[in-house]
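My structure is below; once you've seen it, I'll send some questions.
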Amino acid sequence: MTTSVVNNAPNRIHVHDRRFGWLLTMPGLALLLLVIAFPVLWALFTSLFEYTLINPGFHTYVGAGNYAKALGDPEFLHSIRVTAMFVVAVVVLEFALGFLIALMLNDTERGKDLYYAILLCPLLMNPVVVGLIWRMFLHPSLGIVNYLLGRIGIPPVNWLGDVDVAFWTIVMVDIWHQVSFMIVLLLAGLAALPREPYEAARVDGASSLQCFWHITLPLMRPVIVVTLLIRMIFAVKTYDLVYIMTRGGPGVATDFISYFIYRSAFVGLDLGEASAMSGILLVIVLAMTAYLHRSMRAIS
Amino acid sequence: MAAIELRAVTKTYANVVSAVRNVDLTIGDGEFMVFLGPSGCGKSTTLRMIAGLEDITSGDLLIDGVRMNDVDPSKRDLAIVFQNYALYPHMSVRENLAFGLKLRHLERAEIARRIDGISAMLGIGPMLDRRPAQLSGGQRQRVALGRALVREPKAFLLDEPLSNLDAKLRATMRTELIKLHRRLGATMIHVTHDQVEAMTMGERICIMRDGEVVQVGRPLDVYRNPADTFVAGFLATPPMNLLPGRLEAEGGQLHAVTDGFRCALPRAYAEAYASHAGREVIIGLRPEDFHETPDRAGALGGLPVTLTVTTVEALGPETVLMASLMGEAGPEIATRVDFGREYEVGSRVTLHYDTAQIHVFDVETTKALARPLVSAG
Amino acid sequence: MKKFLYALSLSTLLATPLAGSANAAETVSILMEGVPDTEYVKALIPEFEKQTGIKVNIEVVNYAEMHTKLVPQLVAKKGSYSAIVVDFYWVGEFVKAGWMQPLDKRIADDKFDTTPYVPALMDLVGKVDGVTYMLPFYNYAMGLTYRTDLLADEKNKADFKAKYGSELTKPATWGDYLKQVEFFTKDGFNGVVNQGLRPDPIAMEWSNYLFANGGQFQDANWKATTNTEAGRAALSQYIQNINKYGPVGAASFGFDEAFNVMAQGKAYSYITYNFFRTSFDDKSKSSVVGKVEIMPVPGTAPGKSGSLNGAWGWAIPKSSPNPDAAWTFLKWVESFEIAKKRALAGGSPTRNDVFADADVLAKFPYAAALKDLLNQSHNFPTFTYTPQFVEVLGRELSLAVANQKTPEAALATVDKEFDELARKDGKLK
C-alpha cells in the first residue's frame, strides 16, 4: 500500500501540473486561434465559393473550381516560378554573403559594435522606403549608381527596365536590405558556439578550413536551418519591393506571387480565386517548413 | 615520443601583463612532468603555448630539438586533454576518436583497429555510438583521453583533466593515468593545482608561481627540500608551519629559536647556516615531523616540545593536532601524529620533533638557506 | 473557463468600432488622394466650416491605398466616409456594386446646374446610363508637352527642313510628331520620354498612341478592337519610342521619373497628365521654365486629337453616415465660385465656365489650350472590370516593350481578355 502511494504521488503531481499548464497556455492559444487560425480557415472556406467584392457572400459554391482556375492560369504559374527563382536566389546569396560577414565579424575584436550597427541599418528600414530609395539610386539617367558607373567608363545600366536585368536588380536590393537578418542570426549562433572543440580540432590536426567544415557547420546546423527557413518564408512573401520598384514588370519578369494575389483580390475583386491562390501558397510554404523541420530533426 | 624544451619562454598579454616569464625547462623523452601551482600561476598558459594554442611572445620552444614557435598546432603532433573534455558534441564517441585519424588520412582498417584497441583499454566500447551529451562526466573524461591516445602523438598534454571528477573517480583515474604512462612510455605533461596529483603522478614536478618557475624536481626531493616558503607552504596538507624566529649561536652550536621553541641544529647544517647566525629567519617545521615517542623522531633523537592542544582532527589513519607553543598565547602550529591516542582540547602534550628535518628560510628572499640535501627515505 | 469567456467577450466589445456613437452628423469625412487638387480643396475648407458649421475631415492617402481602404467601408452598412472621390477607373465597378447614391433628386431639388461641366467629363465621372452618381471633381486628361525653344531654334528649323522637306512647327498630326521625335534624338538627347511602368502608367500612355492612330479599344458592341492596323501601328511606334528614341530605363518609369527627365531638359517631348503643365514653370522642379508648352496629342489629321481623358468625381456612398451634410459639402465645393478659386490656385477645372473665366485666363494663358484638350479627348472604356483590363493591358504592353511578345501577339491577348471581361459584365453579348 505504502509503496503504491509513494509511486503514485509523482504521477498525480504530473497530471495536476499538466492541467495547470494547459490552463496557463489557454488564453494564449485562444488568442492564437483567433488571430491566426480564424483568418486562415476563413480564407480556405472562401476559396470554395465564387466570392467577389462586387457581389460578396457565400452564394455560389464552386468546390475546387477556384483552385482549378488558378492552376490553369499560366500567369499565376509563371508568378510561382518567378517567386521560386527569387527565393532560391536571395536565400542562397544572402546566406553565403551573410555567413561570410558573420564569420568575419565573429573574428573581429575592434570596432565590432560599429560594424554591427552599420550593418543593421538597412534592416531597420521599411521595405517601401528601401524600394523608393533604390528606385531613385537606380534611375537610369538621373540616378547615382549609373553616374558612378559612368565615371569609371561603364555605360548606363537599365536596372529596372531591362527584362534580363530587373529580376537581378530586385535580388540585389533585397540582399542589401535583408542580408543583415542573416548576419544577426548567424552571428548570434557563432558567438554561442563553444571554443573548446576548435582548440581540440586544431590540436587534432585540423586546418582552419577543416575546422569550419567539421566543427562550425555541424554545430551551426540548427541555427542555419532556422535562419534559412525564416528567410525563405519571408522571401516568398516579398511584395513591397516589386510593388514599389517594378509593379511586376518589365513584362512579367518580376511578377511575384504575393503581388499577383494582391491584384487578384483588390484589383480583380475576386476574393474566391485570390483565397485559392493563398491556399496554394500556404501549401507551398507548409511543405517547405515541414521539409526543413524534418531535416533539422534528423540532425539533432 | 619526444623531448620538449622551453628556453626563456615568455607570454605577455596586451604588452602589459606577463602571464609567463622566462620559463626554462626541459622535459625528457618519455617523462611524466607535472606543472603545479595555484590558479593563475601560468601553468595552463605554458601548456597551451607548447600545444600551439597560445602564441609565444619571446623565447623558444623546441620539440626534439626543432624550434616549433611558428608551427601550427595541427602540425605539432601533440595531443591535449582538456579540463572540460572539449569533445565534439555533434559526433558520436567513435567519430570523436576517429576525427584526428581521418584528418591524417589513415586507412579505414587502421582507424578501426586503433579505436578497438583504445576503447577496450579504456572500457568505452559499449558507448562508441553514443553522443557526448549521453555520457557521464567520467565517461566523457575517458573518451577525451581516448581521443588523445588513439592518435599516438609525440606527447600528451593534460590540462587539469581530473579536476571535474568527483573525489573517488579522480583517485581511480589518477592510478589509471600512471599505469598508462608506464605502459606507453610516452612524454606527458600534466597540469594541476592539486598537490596530491602532483606528488603521486609526476616523475618530476615543476612548481610555478606568478608566471615563473619556482622549483623543478622529483616529488620527494621537492617535498624534502622546498626551495622557498611558497613551495614549503604549498606541497602538503596541512602545510609546513612557518614561524618567525632567529638563529642563535650558543656553546659552539646554532639554535633555531622562536617563542616556545628552541632547537639545536644538527652539526651537519652548521656550516650552511653560519652566515645567518644571530639573524632573523623563518623556521619551517613540517607537521609530520612531530612524533609521539622519541624513538621515532630520527637518529639524532627528538626534541621534546610541549604544546597546548587547541583543535583535534581525527582523520582515521592519522590525527591532526592544532596546538600552540608556550601555552595558549603562543603561536599555533599543526602537527600530524599517528592515530591511536586520544587528545583532549586544552590538554598539554609533549611531542618529539625530528630536528634533522628542520627548514630555515631567509626572511627577505623567503628562499631556503642552502644546506646539504636531505634525501628521501 | 467562464471567466475567460467573459474576458474574451468584453475585449471583443471594446474592439468594436464605436463609429455610431460619435456625433457624425456634424462631420463630413472624405478619403482623398494626395495630389495638388486635394490640397487646393483643403485650403478652402475653413470657409465652408464657417459658413455651415459642418466640420470637414479629409483623410489623405496615396493612390495605391485608396481602393483598398474604400472597399470595406463601401461594403459595410454604415461606413465611415460621408463622401468619396471616385477615379473614372472605378465608376463601372462602383455602379455595378451599387455603392453610390443617385444624386438626381438632390440636383433637381436644389436646382444645381450641371450643364457647365465639360460633356466628356460628365460622361466619364458624372452620369452612368442616365443616372447622375457623381459631380466631376478635377480632370487629368493627357496632353503632349513639348519644348517650344527647340522648335523656335533656327538651326533646328533648317536641319529639319533639309531632312524632311517640311517646316519644323508645333506638330499638326501624329505623323509630324513622330518625325520630330526621330529628328530630336541625337547626341544623347532624347526625342521623347515615356512612362513604361506597369500597369496604369504604360496603359494610360499607350491609349494616346492608340487614339492618335485613329484606333479604338472597342466597337459599339463592346467587341475589342486593339489588334487592328491602328493598334499594331500604335504599339510598334510605342516600342520604338521607348527603345530607340527614349532614355535608358523608360520601360520602367513611372510618371514622376519620366517627368523628371523632361523637367531636367533631357527630352523634347512627353505625353502626360495636364496638371503637370504648371510644374514645368516651377523653378524648384524644373530647369526648363518657360520652355515647355502643352497641346492635345495630335491625331491622324490636323484638328483631330489623340488625347486620353481622365478625371475624378465626387460621390456620396450608400454607406454614408450623413448623406445630407455630404451633399451640402459637394454643392459648395462644386459651385462656380469655389471651382474658380480652386482653378486659380492651380487646379484642373472640369467646368467650361471656369475655363472661360477672365481671371483664370489671365493667370493661366494656356487654360484655353487645356479646355480644347479636354473637350477633344477620348474616354477609356469604363465598365465593371476596368481595373482588371488596365492590368491586362499594362502586362501585355510591357511584355511587347520587353520584346518578349510581338505586338500582334500581345494585342491578340489584350483583345481576348477584354472580350472575356466585357462578356462577364454583360456588355458583350
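In this document, chain identifiers A, B and C correspond to the written order of the chains, with residue numbering beginning at 1 in each.
Rule of thumb we're sticking to: a contact is a pair of C-beta atoms (placed from the backbone, for glycine too) under 8 Å apart; a residue touches a chain by one contact, two chains touch by 3 or more.
Keep in mind it's a predicted model, so treat the numbers as computed, not measured.
Given which chains touch which, is the overall layout a line, a ring, a star, complete, or other?
Its topology is that of a line.
Mean of the CA atoms for each chain, then the mean for all of them together: which chain is nearest?
A
So the centre of each chain is just the mean of its C-alpha atoms; given that, what is the distance between chain A and chain C in Å?
Centre-to-centre distance between chain A and chain C: 37 Å.
So, what's the distance in Å between the C-alpha centres of chain C and chain B?
92
State, to the nearest whole Å, the distance from the C-alpha centre of chain A to the C-alpha centre of chain B.
Taking the mean C-alpha position of each chain, the two centres sit 58 Å apart.
Which chain C residues sit where two or more other chains touch them?
Not one residue of chain C touches more than one other chain, so the list is empty.
State the interface residues of chain B toward chain A in the complex, per the touch definition above.
So the residues of chain B touching chain A come out as 51-53, 72-80, 82, 84-91, 99-100, 103-104, 147, 151.
Would you pull the chain A residues touching chain B in the complex into a rising list?
Answer in residue numbers: 194, 196-197, 199-207, 210, 214-215, 218-219, 221.
Within the complex, which stretch of chain A touches chain C?
26-27, 30, 53-56, 75, 135, 139-142, 146, 156-163, 166, 243, 245-253, 255, 263, 266-269
So in the complex, which bits of chain C are touching chain A?
4, 8, 64, 67-68, 71, 75, 93, 96-97, 196-199, 202, 247-253, 257, 260-261, 264, 266, 384, 387-388, 390-391, 394-395, 398-399, 401-405
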